[in-house]
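Letters A, B, C and D mark the chains as written, and numbering starts fresh at 1 in each.
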């Protein structure tokens, strides 16, 4: 079992659901983004998802897309990003950090190099434009105990779902609806699907897309292991800075205790 | 023999060449144009060519064309034009007046009506867009002693020239070169052609297009019967009004004495 | 050169020889299979003929009456039927040994077509255009310049098409030795009406041969807009004497008053007249002065009309109707949204008439509309007519950028 | 969906089913003679195919080398080869029961083509276009609106094509049930590269059948400009495996520096990458971020390239060269003045390459250049590039009149 999965299982023994929060490396500046990360870790986020920005983030909505474009103007490098995360993560051993990006930046860096550089600070990797057929790309990460985090969608046919589940380790990223990040979601329909999934796998289920209020999280308890919050915190930050982000984080965190 | 032709023959007995001058009815106003006509008659122009303006004067150059467009803004009518000419002509019996216009205004007025109204003040009619094949249009004018004035050009083939000469009465309007009114002409080449023509007809020869200086007229003496001056006087008028027009007229007239 | 009482040659004597040369050259050329083959080759290889006959199932369905088909002259090189004629005359000019062509143009379409074919055939090209038209239709002037043509602004008179025409005639009067006057429509002295109609007749000939396959038979009616009348002559003449009803559509402009339209029929402001080298129905006042005209489409904004069409109307071989600017814009929009075809405003007149009449006809009837040109050229006119504010913003921004550059 | 190491499907999981549906629908459609007949009928009756193969005797003579012929895709309805693809995909969308299509567009050509075919086929149409592009290319936006399409301004990122593409992908992610994503070029996830190239292949198939009559044999070389690569795929693919040399021409822009051009070959700024749903040669920095591009022609201003072409280059089946803006403008002018054809700036790249190479070849050799589109659309760009002052005066006058009205 991967370190990430073990961590989630352990945490879940005492908690109804965990919280995974999202930060874009380099937004609005590299220094600021590190400060946001540190704040969230300090406030006790269970899992911190750091997005390394890409010029063409097709799976993201306007809020994250715009933030990525701003971040890119600060010319972030993946090497520095990983070094920064490493420095940070060692100071917050009670949380886990997963990396999220698109395929091309990872490909250009090289998955072997990524395995060498990202571990041990990074325990999971999300690449939304990497389909399960192309799982061999992330093969080198296994040895470094970096879990590839595969996405599932409600409409997945059974064969493809089986293929995904058998490849999964660490956690699954269950997309709650069609569309991109940052929109609204009808949560009632989501839980049925999660329950069915739960019966087929022991890999922890994370649910993303559209979680912006404590009641969204409450509704997931008993159905999912991790609530994934992305645009909601970014919006809070954009509205009124770090203070507002912390306030929003705390209100969401309450629902996980 | 038409009255016009008789007049020309008689005048020519005592003069080496006659002068025909051109005025546009209605330019710059109807009143002004009548004043110009009267001035020229008073100064002793042999033949006065009055152009009734037409909206599409394809055989005229820019100076006359522009003047015609100005004249049309004064809404001239052919009926009034003929009445005005009639009133004027009776006061200057020593000169002859010919009408010039395009086919359509004459056609719409009707050639029968024209014959009734134009005589006896008008003794000739020039229609540059009426080809010799269509001579029947002007047939009604004969009874009123209004001579149709046909145009000849240097390049006319012999059959067409013969047809034109046999239809001619009053005078011929010999176009000295290709092009429209108001441009420059090489007079040397013109005289040969006139001499050939002279051998074929007893109808007086008028030469137009490009006569603006006394020496142009001098060069025509012995070759033509009438020097026709159009744009030159109009230009003089446009430059400095009636005084300038009279000055120009007098300098040209000297060459005909 | 006569069509009943219409047509003929009423030109300054100086042009007589040149007109006779053209007349015989045209007759000889049309009797020469090699010339006709060369002309057809250029029409096919250069201009993309044959143009298709397009069924309009959505539009027909929506109107609930007759089935509408479009003859797609908009797909010609240059975007209009104008190309057929300039190819014919351009080749004829070369055959006659001319080195230069002159043309007059109003909105600029015929000017561009003349410039195109002159470049293609290696002829020098001078285009006369009213100074006022140049200002309003500058994009076409720009293309003429790119094609190597000389555009001469005409400042006489109203500085529009009529004046450009007169000026071209004047040029020809002094340049006929090496110059062919390339008239763009089926008007003017003989042989122009017959010649232009002849070169354009490929339109109707193609419809004759395409209809059995596309329509299943020959059409019941054919609609064409009528300015000078070249596209109408082109599609109508091959159908003369058949049972197909021919319908011409004039520019109804904004009203029936003097200067508000360009109708030469069904109005007492037009009657028989002789001007611009030929006899036809002219819009004219009591004095025989030609009247000003108005239309949303520059190409129909003409005071005379093809003598061939005037004669056909006289003989009841052609029914003439009109469409007003408003109906024309509606037809433009309707064709665009139902069939994905952006028609020229000229052609939209013919579409408007078909739209008005189709609902009264049975579903078995079949109409062909001559879509004489495409509407891209009308960008500025249509944007202005629709009062499209973002277009003006776009232009202002463009100008601001250019000023900076 | 793989072409050597290129192509494939790298899309968000949410699009997987929809992409699979499209893939099988495309395969079924292409195996259905009725579908292919309907497609051919629309291509012929609506878009005016076949387009001609035009000899360029004057240009060839002037260059003194190989004989040049043009495949005239500019004569398609809409003025470019884009129509072939939208007809194919539009019919496929209807076959799949979709009610709506979405498209992304840069300069607006594909947007207009999509809007046209949507109107024609009765589909709802939404076009994503960078807000910045909308400002600069407003005339095309105007036409899309006239055709009934909804144009959505994209304000993310640089607010240009790349961002519009991402936004269209996002729309599709939530609308795939009733919506087809109509990609305009031979790029993106499978089956788009193969499908678009397939629909465009009619270009090369026509050349194959026309060449014996017009050229007397098959051409020695074929030139096509390469942005995304759809016109190039269309004319090249039917010639794969023949002795005809295939030459792609990229946008050389204003120089070889980063952001000065749009060359994905013959530069160390491009290499294998995976983005926008597929693997190809992308212009990218060391971090794998896609680079900005530049070209005088908006249609070639793209960071990726068809995986089919990338693979052909790898296999030496295709030679890739480039033309800089200056040479492109020269080629534009030369074709206009020698042959009377106003080419799109995109297509002028291919013309520029042929002009550069023809003089070095013998008079017996024969080149075909794919004239993918017409240049009318480039009025503002060309007038700006040539610093044509009267055009600016014209615009200022137009604006002044509009303000008064």
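Structure notes:
As a working rule, contacts are C-beta pairs under 8 Å (C-beta built on N, C-alpha and C of every residue); 3 or more make two chains touch, one makes a residue touch a chain.
Model, not experiment: these values are computed from the prediction.
When every chain is reduced to the mean of its CA atoms, the largest separation from chain C belongs to A.
Ranked by the number of C-beta pairs in contact, the top chain pair here is C-D.
A separation of 66 Å divides the Cα centre of chain A from that of chain C.
If you average the Cα atoms of chain B and of chain C, the two centres end up 38 Å apart. Centroids of chain A and chain B (each the mean of its C-alpha atoms) stand 98 Å apart. Residue positions of chain D with contacts to 2 or more other chains are absent. Chain contacts in this assembly form an open path, with each chain touching only its neighbours along a single line.
Every pair of chains meeting the contact definition is listed here: A-D, B-C, C-D.
Residues 44-48, 51-55, 58, 72, 75-77, 79, 115-122, 135-136, 138-139, 141-143, 146-148, 214, 332-333, 336-342, 376-377, 379-380, 382-384, 387-388, 390-399, 401-402, 405 of chain C are the ones that touch chain D when the two sit in their complex.
In the complex of the two chains, the chain B residues touching chain C come out as 54-59, 61-62, 65-66, 69, 72, 76-78, 102-109, 128-134, 151-153, 155-157, 160, 175, 177-180, 183. Interface residues of chain D, counted against chain A in their complex, comprise 8-14, 16-17, 155-158, 162-163, 165-166, 169-170, 173-174, 176, 273-277, 282, 284, 286-290.
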